[in-house]
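The following blocks contain the structures, represented as structure tokens.
Same chain, two partners: chain A is paired with chain B first, then with chain C.
And now, the complex of A and B:
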């Protein structure tokens, strides 16, 4: 139970009990971590029930348990009871006890099913009508009979949770990513614990063309997909201490990138994932690739949470996104033409420096003068959050031609540094304005171009100056990977979102 | 012991799906579901597979092998079929086999007694032409999958003196080109027969079973047959040939 749950908990409390606890009592309970176990049941964004236990030495005193009226009759009370008892036993409790109204036959039956029995009566215990309380105690919770009973209760609870599409926070989700030139698969537990992550990069196949060739990407995904998933399941089996690969049937969900990206590349991962879902009955969840990049920040640093603004810069994307709350996105602006990484690639290609252009140019730029050549800062004062990189790219290419025609040698470090600075100036200026206008204190940088140290540092400095914290994931989580897809997929899965077998790839999928 | 077989093909503008029952090398056709689905294979394939299974009182986990038409055809179309089949077979833990999309087209004419020329549309002003020797109940492929301009394929067919029954969705664009090149010894199959069918796939699968060459069933190893490289690679080859590299 978090403080943010208390309004909903208190609403149920006042609706179901004749003499309800006050809001302040719940606040006080929620603050006590050492001797309390509180569990809430949520479906989507709705809180359906709660239960709380007080630990006193080896005794666990069940203080409260309630289920919203419209969610009753489906075993949720029993599931909550099972969860708090298990929580208490984990914390060293041996016996469980409680008082219950003599007239509440249903509750007495529920507690009996958990192995508690009637040991006496407190006459006139309840205020109001002075109803009698039945006192119930359990046997030693670790005795074989009681362990078996707890096991049964837990198994039933699991099916109840599945019925409500509820999750106990330890669900295993397989993520599949094929939106560009990396075939990737990952298994995550509970949305934030990395169990395995495999990325098969195609970079060597595209490098000689100076950019990603969509047809080659689609072919390589088709060749790699089964092997990459097998590897992710095998490594997951190892991490989880299983005797072999993690069985697909043990997954709670399969999360797949369904856009944005190269349509032919997306189709391969999506068609495969749909086949896997049909074969195994494991539900399928669609993830927006850009949302995945934002979740990569949360994987690296669990304290990152909305409200925030994210700048997504990669070979395929340049977007500023406002995320005011979980699951809510507003795309503030995108590139009108080339993506940032693409502009680096094209400039590097004209200079004959190789592929990918980002790391090559930024290495040269480190030795150059960023003020040597005054390249245009496109859209810098456009008043919106749109980006344009093709004008800058053309200006750089024209400069190169002009210098070559004039017979002058090109100073590559100066050119790289000046080009990079023009990119950085625009992105920093728009990022700062977005953070200010959206009133956020958190900023996420994501995508492969986040590896550019000069961009990272310029952004960090400018944002810190206005009191905004910037998060950048480690490089392996900046570039395309499936861990971020599994993480974002877990979130969508918990909200009950599903993709059908008729799902199609959406190359221009928008985030908000 | 009989094995429930699922076969499908999405290489053309038609989706072909079939259920079969295999005993040894014999495959009995149980049910089919063929429908036109231009650029809609990813949308409709797996729902239709699930429906066909339901209609026949079968559960997906009863399948013991999956067969996919591996092309040649539309690159994306073939990949939709192959990737879906990989997911299904991999998830079920059953073998996956690839059969030729063009064989499935030829097998639709297995009741004839003639030379059959399958001319499938390869887009970009090209076709996939293959000749088959067809006798009732028997179809023999006479050459490998390849891609070429339709006028070259027509000229090649024109050199054969025997009558040729032409089929394949390349005829949508090029039927007059072929009938002009083969004025006296070609006939054109009825248009509904130009694309693969579920029955044709199952027949092609049964033929491949007896002749071998289906591979070991590893879903990782079944790949599309493209017959040509990506444009980027073809341009690179051309530049190398022209001495520009």
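And now, the complex of A and C:
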């Protein structure tokens, strides 16, 4: 039991006992390391029960044991008892004793199963009604019979814990994403099982929704959000085999992107999520959009876990992020000017390939010579993890101008391949150095530009050469979606993180 | 301040200079994707980009007019894209690429406040020693 557990412990205590211990008593107990053993049971982030034992020479006195009402009937009390007795025996206890209310038949049965037996009575022991206490003692815990019994209890405890492990991963979390162009909603179970995922622009759902495709404007998000969330809940209901849409009350949490992004877009998802939370009492969790992109990797491949380095490349972002542990992020470097996807789109525009033309440019690049034109590799040797793509964009534009002025035809495949190679060289070089310096064996590529096959392959090859495994999500999870927000939100929910109803959208939200 | 000029002309680069003048320390990244980036300095800098907008009617959706009337300096890239984006008082800055490392910059003011601003910039430009003929 840590001090941080005491609020949850005390909440259970006051809910289950007629004359509960005070908070101060638990504080005092948790500070006593020499003559106490306190154990708490947690599933995910939820504290479900606790037990404490006092050591007095060779005797161990069980002081308290409780299981949250909604977690009863699954053997958790027995598991806690087993853990606390074994803890005491390890510290030299030989006999275990306790008092229990005469009326608490269930508890008496539990203690008997651990080898304690009724040795007498303290009349009127409990205050407030003066109920009798039954005094129970165990035989020598190290006697062969008792050892065997403890072994059985411990084995059962393990299966109980495995059962909780199995079920604590079943939270249904609604994710809401509206940080830029996409309005999206998704329901995930246990943080890694996709139940439903709806992205407004990719879906034609005229019947429920009038066929509006939201774009830049927050007004478009406003028009889309109700339909998108309804659709996500409806599809979740279908995939869970319910008669109708998944009721919001069945959700464990609502996770929403609160930054970074366009403020007018972020506020739509955030305001809607707050409203849902306020009206239904379902807790609200805030997610960083970039963190969501990292979680898209874990969704696609559950073996991906920190420590890792992630490269996030999209139309709006270019960042290298170190994730040393769950929930911990350090941004190593970002672009100083244009984002990677933006540079692709703008070069495509100058070549008359339309906007957004990044994917078209990459298609041309596949047929070109990447060494045809020597474009600058900006920040390649800057010694840090910052990126700059504006200078490269200008160099490409200057090249096009020179060629046109000289009356030469522009070889689009060669130009596209040379430009793309300049981008790739810098990103691979910085990614490899980041993986080496952070000492990680796992690397995640994320964001819409992860769809670029040349970048993906160059990165994979360079990283594998230094023994680092690279993960890339499938394309539908690379672009903005809400499944990744629900996944990241589930994790934050389990850690007990909540977003207040007074929270504001943070357009410049940083990741670590 | 409305900025116009082709891709790569230096609209964002010029805005970096403006940000430096306002004492803003963080990086000034392209606002193309986010449409609006806000930087805190001596005055707030509202760095906007109309490149991705499809019609002038979307200006209201991004709270363009509200931002122009806010308490800071609005710098709008691709500010000449929609007639509706042209406010009563402004300086329109047109950047033209004249070579790999050279640009010509044309200031056009509108409204009393716009005129006063443009005149003060020209005066400062002359004060730092630039030639008279450059500052027409």
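In the analysis below, the second predicted complex is superposed on the first by the 332 of 512 C-alpha atoms of A that agree within 3 Å, B and C clash if a C-alpha of one lies under 4 Å from a C-alpha of the other, contacts with A are read in each partner's own complex, and residues count from 1 in each chain.
As a working rule, a residue touches a chain if its C-beta (ideal position, glycine included) is under 8 Å from a C-beta of that chain, and two chains touch if they have at least 3 such contacts.
For clarity, every value in this text was computed on a predicted model and none was experimentally measured.
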First, second, both or neither for A:336, with chain B first and chain C second: second
First, second, both or neither for A:315, with chain B first and chain C second: second
Which of chain B and chain C A:440 touches, first, second, both or neither: neither
First, second, both or neither for A:390, with chain B first and chain C second: second
Contacts of A:173 with chain B and chain C, given as first, second, both or neither: neither
Contacts of A:264 with chain B and chain C, given as first, second, both or neither: both
Which of chain B and chain C A:220 touches, first, second, both or neither: second
Contacts of A:251 with chain B and chain C, given as first, second, both or neither: neither
Chain B versus chain C as contact partner of A:398, first or second or both or neither: second
Contact residues of chain A, present in both the chain B and the chain C interface: 215-216, 218-219, 263-264
Interface residues, chain C side, partner chain A - complex: 6-8, 10, 12-13, 27-30, 32-38, 52-54, 58, 60-63, 97, 100
In the complex with chain A, residue positions of chain B that touch it: 42-47, 49-50, 60-61, 75-76, 79-80, 82-92, 219-220, 223-224, 226, 230-233, 236
Of chain A, residues touching chain C in the complex: 180, 215-220, 260-264, 315-317, 334-339, 341-342, 346, 349-350, 390, 393-394, 396-398, 401, 507-508
Chain B-facing residues of chain A, complex: 208-209, 213, 215-216, 218-219, 221-223, 225-227, 229-230, 248, 263-264, 267-280, 500-505
